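Each of the two complexes below includes chain A, the first together with chain B, the second together with chain C.
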Partner chain A sequence: MDIIEVKNLTKTYKTFKKEAGLVGSIKGLFNRKYVEKIALNSISLTVKKGDFLGFAGPNGAGKTTMLKILSGILYPTNGEVFVNKHTPNKRSRSFLKDITFIAGNKTQLDWSLPPMDSYLLNKEIYNISNSSFRERVKVLSGLLNIRSVINRPVRELSLGERMKSELLAGLLHNPEIIFLDEPTIGLDINSQKNIWKFFRHLNHEEGKTIILTSHYVEDIKQLCNKIILINKGNIIFNDYLSVFLDHYNVKRKITFSVQENVDQSRLKDYFNVPNSVINVDGNTYSITISKEKVENTLHKIIDDFEIFNLRIEYEPIQDIIAEIFEKLNT
Partner chain B sequence: MVNLFKIIFLLKLKSLKAQLQYPLNFLIGVIGVSSIGAMDILLIVIPVSAFKSIGGWGFWELGFMFSLWKMSHGIHQALFIPFWGHDELVRTGVYDRLLVRPVHPILQILCSGFSLAAIGEWVPSVTMFIITCSKVKIAWNLFSILFLLIILFSGAVIEWAISLFISAFSFWFVRTDSLRGISSIFLFRVAHYPAHIYGRALPFILTFIFPYAFMAYYPTHYFFKLDVHIFYDFFPYITPLVAVTLLGVAFIFWSIGLKYYHSTGT
Partner chain C sequence: MKKYVIWCKNLILVILQYRLNFFLSFLSVIVPLIIQISLWKAIFGFTGIDSIKGYTLGNLIVYYVLANWLATALGPSMRMEVVSDISTGGLNHYLIKPVNYLICRSLDILVGNLLFSVTGLIIIIPIAIFLFKEYFIGIFSVNCLYGLPFVFLAFILSIEISTILSLMSFFIDYTTSVNKIQFLIMPFLTGQLLPIELFPEKIKTIIQILPFQYLVLKPVQIFMGKISPANITKDILIMTLWIALFAILTYSMWHSGMRRYNAYGG
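And then the complex of A and B:
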């Protein structure tokens, strides 16, 4: 079942062009040149119930705009959007109770009060009964490991603790659809891993549909079953993560060390792939090739050289995606 | 409905608690606003004692008008002041959070601040009002007392409606402080004296553009049975109507503006 349906969605912003300096500012007062910026360009997509979808793309690609239109914060310029059969920007009560929007760089918690005060407020806003409130706080604070934290003022919490308290605030009302905007921004690797575990629980055990944007492609690789690449407001890839990897993850890096007595000058030209052999250090070399050539190359290396320390690696997903965008934008 | 009041109460309580985290700042706020209020009254007293009357109005008429204005303003400060921070809500993207909650954003903003410093507006204005009423004969009856209460609340709503209208501009231009500054000159300076002393342009502005004259100037005519010098004779009676209409217009304008809310990037 499609829980989210987007048809030909376009979002444009009008901004006026400012020239630098005082003279430019004064000119701008009388002769404004408006520039129309296309944030999203005729986008169509669907999301199934229970999907964990990640939006990846460079800064300003339209990821956050997309998320904000889906959650009813922004009005679309054109096109149709349905989320759980609602039109998001009408912001009906039942729609807003079905969703949550959690941003890594914005807080709904009051800086000077303990998170619990904000939770009690959300309890009333979302009309949560006493028993399910207690239950939900208990379960979520246990999963996030913040039981000792939620009664201390927010200003005393670490960034990781604050983010976890934030997640709890956003999930108290048990929403079906969870929008996450850069949820791991600025977190250390341990907090990041804990939060991944928590998101997996929400998706696998509680069956929530989750839509995520992140600069850290690793977030998407760890969590999502679907990936959408978005560049300058256009979708350039939209499918399962496994399909993405089959399609784009085509290079392998073989790293090996040779014995001292090998004629190393020979190595650079040996594999017939120009510039592909790199001297990592001393007598360690690496070669990056397409996955079809792995078998042949390995044979060659083993047969023709005395080697030790052989290693074969996938190309890291962030490098693959960075390369895709670099090609598109040059 | 009960739940709604509980939400309002909790929001206000939360904001009060947050303020009381910094008790000294809070105390200085109350004292400061009270002294400014007392000084405002002094600034009325001085010119009036020098000229005896202004525009045909004596000290007590002027004092009554001023205290009426200031009590309404005090209600505004207690209930509606958070809209003065509206630019910030737009600029910093706090609206994102307001829009995804199932409570109307305007209500959430109203509840986001609780200014006990408004007491500082009430202390001098109520004192002034009581002194005035003891010095002049106003025919108080059930109707005029009820009318007074309606006027006080309507005045606060007028001030808020104008503030809400100005707030809506921030969806397009983000910053509205210069517009708010102009409006404040009429609210805090021009509206302190009877509008008919100003000639033609200013009374027009005070009645039709920034209609602060309906907060105290026109209603004072009713209580003192004075002749209306400018515009229409029924103006002293329509303050509540003006308040409701203005609020409606401001609300519609705000709703249109919301469609242009950009939010801020991440």
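And then the complex of A and C:
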């Protein structure tokens, strides 16, 4: 069942174009020119209930704009958007109870007050009963490991504690659809892992539909079953992550270590591809080749060298995505 | 409704947390008051006159005590939290919840101003009455009964004007100049700086056409017994029309602004 439907969605921003320098500024006082920037260009997509969808793309690609239109914050310029059968920008009460939007760099919590005061406000906003509220705070604060901090002022909390408190505030009303905009931004690796575990629980155990944008491709790799690549307002890939990896993950990285008495200058052009061998560290080397050549290359390395360490890896997904966007934008 | 009660409670908790800020804000009332009273004492002393346009020194002292106190409660201003919400994307948090943003921010204005005005009533008015008791005889009698519904409507009008000023940030990128202009002009237009009778005729006519006089000038004149009950009724009717007009303007600005809102920064 499609919980989100987007048909031919376009969003343009109108901004004024200012020439550089003092003369440009003075001209701008009397004759202002405007330009239209296309943030989303006739986008169509669907999301099924229970999907964990990740949007990936460079800065300014349109990821956050998409999330804001889906959550009703922005009006589309053209096209149709339906989220759980609602039109988001009408912001009906039943729609707003079904969704939440959590941004990594913005807080809804009152800076001067403990998170619990903001939770009590949200309890009334969403009409949550006393028993449900107590249960929900207990469960979520346990999962997020923040029981000890929810009664301290937000300004005294660390970034990780604040982000987790923010998540609890956004999930108190048990929404069906969760929009996450850069949720792990600025967090250390342990905090990221804890939050990944929490999101997996929401998606796998509670069946929530989650839409995520992130610059950290690792977030998408760890969490999402579907991925959309978006570039300059256009979708360039929209399918399951497994399909993406099958289609794009065509390279393999072989890392091997050789005995010290090998003439290592031979290795530089050994595979007939100039500069294909990289000296990683001391007597350890790596080579990146297409997956069809892996078997022959391995035979060659094992036959011709005394190696004592060998590892084969998939090309990191962030490298794949970076390469795709680099090709598109040059 | 309970959500707005909790909203107000949280707001009071935040205001009372910053005690120094809370008490220092009264200097913004006391210092201008001292300057104004000192200035008029000097003018009356130097010129030797008994009254100016029907105002004795005593009348002016009472006027300024009441005007400055009412200005803290009713003086409209551009609300920087609204400006910030609109320009840096803070508005997003309210748009995704089943809560009315305009009601929340109106309550910010109402609660904040009520808190200061009640505290001012407890601190500043008794001190002023103690220092200038001979001038306050006859004030706060039956006039207060006429003044109360007027002040209630003036609260609504003040919130609307503040909201309209703040919603201009949907349409103007840089609002500092608007903020400065309203900061300089409002004390004139509301009557906080001078009783309207002391202005030249042409300026007096303009001020009398505008709605800002109902925020400070008119309530002060009612408390001082300078307006008859019949004219109070007429003024209440005119205020109600202004309130209706500004409600329509607020609604239009909000809906038009939301179409333009780009949610930058968030």
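Here is the rule we go by: the second predicted complex is superposed on the first by the 325 of 330 C-alpha atoms of A that agree within 3 Å, B and C clash if a C-alpha of one lies under 4 Å from a C-alpha of the other, contacts with A are read in each partner's own complex, and residues count from 1 in each chain.
The rule is simple: a contact is a pair of C-beta atoms (placed from the backbone, for glycine too) under 8 Å apart; a residue touches a chain by one contact, two chains touch by 3 or more.
Not measured: the values here are computed from a predicted model.
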Consider chain A as the common anchor and indicate whether chain B and chain C clash or fit when overlaid. clash
Touch check for A:108: first (chain B), second (chain C), both, or neither? both
With both complexes superposed on chain A, which partner does A:238 reach: first (chain B), second (chain C), both or neither? neither
Does the superposition put A:60 against chain B (first), chain C (second), both, or neither? first
Between chain B and chain C, which makes contact with more of the residues in chain A? B
Thinking of the overlay built on chain A, is A:182 touched by chain B (first), by chain C (second), by both, or by neither? first
Chain B versus chain C as contact partner of A:141, first or second or both or neither: neither
Taking the contacts chain A makes with chain B in one complex and with chain C in the other, which residues are shared? 13, 68, 71-75, 91, 93, 96-97, 99-101, 103, 105-106, 108, 110, 112-113, 117-118, 120-121, 124-126
Seen from chain A, its contact residues with chain C in the complex are 13, 68, 71-75, 91, 93, 96-97, 99-101, 103, 105-106, 108, 110, 112-113, 117-118, 120-122, 124-126
Using the touch definition up top, name the residues of chain B that touch chain A in the complex. 3, 6-7, 10-11, 14, 17-18, 21-22, 93-97, 99-103, 259, 261-263, 265-266
In the complex, go through chain C and note every residue touching chain A. 2-3, 5-7, 10, 13-14, 17-18, 89-90, 92-93, 95-99, 258-259, 261-263, 266
Tell me, which parts of chain A touch chain B in their complex? 13, 59-60, 64, 68, 71-75, 91, 93, 96-97, 99-101, 103-106, 108, 110-113, 117-118, 120-121, 124-127, 153, 181-182
